[in-house]
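Notes follow once the structure below has been shown.
For clarity, chains are labelled A, B, C and D in written order, and residue numbers in each chain start from 1.
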């Protein structure tokens, strides 16, 4: 794996990243950081980093691309892949793969659909995936961490205990979702143990470079950094499809319309995206729009696909 | 424009289509035709046709690929393109571009979102698009027909008056949607006139060959058959994105997961799909699954992307 | 029938009404008149009238108690009685008798419950009742007018053509409800004809005195002013029950809690109420609260039951 | 307090109760006992008991009127009274007093209304009331038990530990409700402690005689058995109003229509009812209809108000 230093690279993506960073720099308005836990609220919304990883592990970056940030919901993609690799299609009997409509529907849909969440990227669905990975491995969060370290080559990558503790302290809504699904028999583990695993996953700190590399298996149609296969080609395609239709909260349609790539955002301000067969991206800027996606992050990805023509559409 | 006869073609797509047709032929279970109007209920669910159009107008086909069928909601794509070409982004202030969640939400979402439908492919959204095209042209259905004839090169392509009359006779639900949106000021034309335009559009009869050709402007990034530009590259990408996230009723996630192409289905049993920059497809088989998509049609497209690797993911 | 002039009466209810009127007079804040049609928007929110009718037809009144106002939804009670008298319990297969929860649910409930509205006092339910009375009589609005004239003894009581025309002009939402129920087969008459009947009923102009007298059959357990029986004792009890649980829009619980009487309000600012076996009341003041009930009207009825102890609880 | 033996009474209500019991005995079809916990599922649906308590404590009864049964949601009335007596109107800022519409709405309404449940008799509302009583007393369940013993004169009345344990074991849905409201700041106590209090209240075993006597304070306008006042006259009226509009799950409208009395049912098959100023009733038969109310219980109360004319309407 070759990590290219931003300043010395003469390859394709570097000038594009630098041009995007300049444009973002000149753009006023960055949204507001998430404020439900102190660690996120303290972030400066003007921070900005972006990285592109080629299939061979070459990484280009700009701005704060090596600064670790709170990955939050981005890790839902990796947990999904790790569980899908283990149990295959049976997973889809416990979680759907349809967009959820607007946020206001989350609970009514769970009720209407008998405790089966709509997709693995809404909180209810991610709780189910974590629950199933936990049953199969005994340590869902540990599996996630090992995978992220291996794919990124960054062995220092870790959970943030303060963030996990803050999530737990404000975790009543996720507890409600888990108990509600448990009432339908769709949760196997005790709710407190499940929440502990879930909040640790959300607390992973990683940089744009780390996450672009860790996402590469989806651009390589299921093949890991070491050449072994995690997912079948078909499963990798499936995860990309779920990312495109469900990966950016209630703005999946808008993200597809503007960016046109499979992507997954987190309230820490990060977004990962996949150009199947070509490269992966990760962008970070903590200011969010009202739907929970990074304002500068979406704008940067929009520019990237416009400048390179690398949209899937 | 060169139409290749199925039996004589030696080019790339023909053997793939023939293999798919054989597999579909051997597959039991085709779903049931739509039964809310007599013309659809009378269709034989074992009919099957499929066509692929290359960017230059070459068409490959198999089975009933030249048999006209009731296009129904497939025409929503063309009406959207015709209106978007005229009014541009202002359209998006009157209709969203997010998936709608499940069917049960259609009315509650309209109410919750003050009469702005979620996307142009649910009935409420298509009524808004038709209303706006009607205001701009005075004959929305006529514009649609002219466009379809020009792109397909089939001047015999026409409305089916019996189907339009049947739709009107069972049109109370669409009338309810239109009046409801009118109560929010989101419909300009008188409801009966709007419904007349809308039901005529749904009644267009066309074949797989016709529709594959008529869809080609989306694979050509906005350029029509005669080389003139209907949409900007960006607008063509946007329509593809909306098709992927919203094109197959409440199964958009599943369609993306299985097929991985922008597509739009109709309850007549047709589905169109786009491989941006490469080709377009249309498949027809009248038997529907419980979500209103052609059973054999989805299966055939699934096979196509698996065999060719031409998914966007 | 003896109509007592307010100024000369020495009987029981008169001093109570006068005391209430004084208190209301001193109370600031009257809410705002309905503004969706000009005739209602023009009303002075400080107008106030109140009447009590004893079972023998003696009427006491205060303030604007003889001033005709727009009855609006109050007439739903009479239409219900006229239809129930004709078809009996079969009506309840087409409309429920449960409170509707909040307004936001109206359409979703119609959808969830297959076009059967929750109760006869929400608009959807009143449309069904009018539709059925229309089928049985050929002139639902005419039947209503004849009944109101007979019970009140006021032969000048009539529709207001301007109000009916205004309602029609802003009638898209009711048209949506009617078409939606028609799509479930729960409407027999053509929607435009039904709406004409419905809006004429809403347009009846009547005074507090008129309406208190017209409501008396419910306090007399089903017996009309002329001594003939319109409803069985059981049916009269049923209508009172439906008024108590469903009569004041989404504030039925609050109205029961504060006033404790079966009642029905209209957006014209009127409210009728029943003390079974004892008397009936009608109060009018055009300023509405955010749930569509007359602010001074509810306050006056609250005072009445507190001062007299004539609540049902 | 004088308890009349059923066989020797010659007073007013006794022959009516005996007639009702005979009619119920001859009526086939009793519904099915609740089956979510073993203790309820084991009940014989043909058990039937009914008691009437006059204001002076005289009790009439028939059938299994002295047999203790699982009170379940009936105790929500007493917990409400105990908390309302302590905190007064402030309670209503934390729980509404409107009917909830149908069951399917429970969670969506909580979400739509920011964690404020619609009324104190749905589970979410009862959890809030218990939470508040717990905060004020430190032992909500103990307060309830002391009150029921004092009013019924039955010092043996107690919780059923097995029932409470069963409720806890199947308590995920109530845990979900409590955590969900906690996420809006509408729950003060830790959720596990709250649930313990709540499930103990549901587990109280009491007979028809016990409950008819314990309910008498609502017929006496707020005065307890020992002559002290628990509630103001106005508060007693308020609780009666909430019982009438919200006391029988999603059948409040139907119960008002058929019975016409304030009432509260439990899934143990019991129902209490109030004739304000006159008497109280309790009926028990474990077979439930699909909305959770005792089939024979509702039928018996319907007969009672028809035979005696003691409906509030």
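In the analysis below, contacts are C-beta pairs under 8 Å (C-beta built on N, C-alpha and C of every residue); 3 or more make two chains touch, one makes a residue touch a chain.
If you want to know which protein each chain is, UniProt gives these names: A, B, C, D = Glutaminase.
It should be emphasised that the depicted structure is a prediction, and the values quoted were computed from it without experimental measurement.
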Walk from chain B (Glutaminase) over to chain D (Glutaminase) along touching chains and report the minimum step count.
2
Contact counts by the stated rule: is the higher one at B-C or A-B?
A-B
Rounded to the nearest Å, the gap between Cα centres of chain A (Glutaminase) and chain B (Glutaminase) is 32
Measuring centre to centre with CA averages, how many angstrom lie between chain B (Glutaminase) and chain C (Glutaminase)?
49
By the touch definition above, chain D (Glutaminase) meets two or more other chains at residues 104, 112
Which chain pairs here would you call touching?
A-B, A-D, B-C, C-D
Touching chain D (Glutaminase) in the complex, chain C (Glutaminase) uses residues 96-102, 104-105, 109, 112-113, 118-119, 234, 236-238, 240-242, 244-246, 250-254, 256-257, 260, 262, 276, 306, 311-313
Provide the residue numbers of chain D (Glutaminase) that touch chain A (Glutaminase) in the complex, in ascending order.
104, 107-108, 110-112, 172-173, 175-180, 182-183, 191
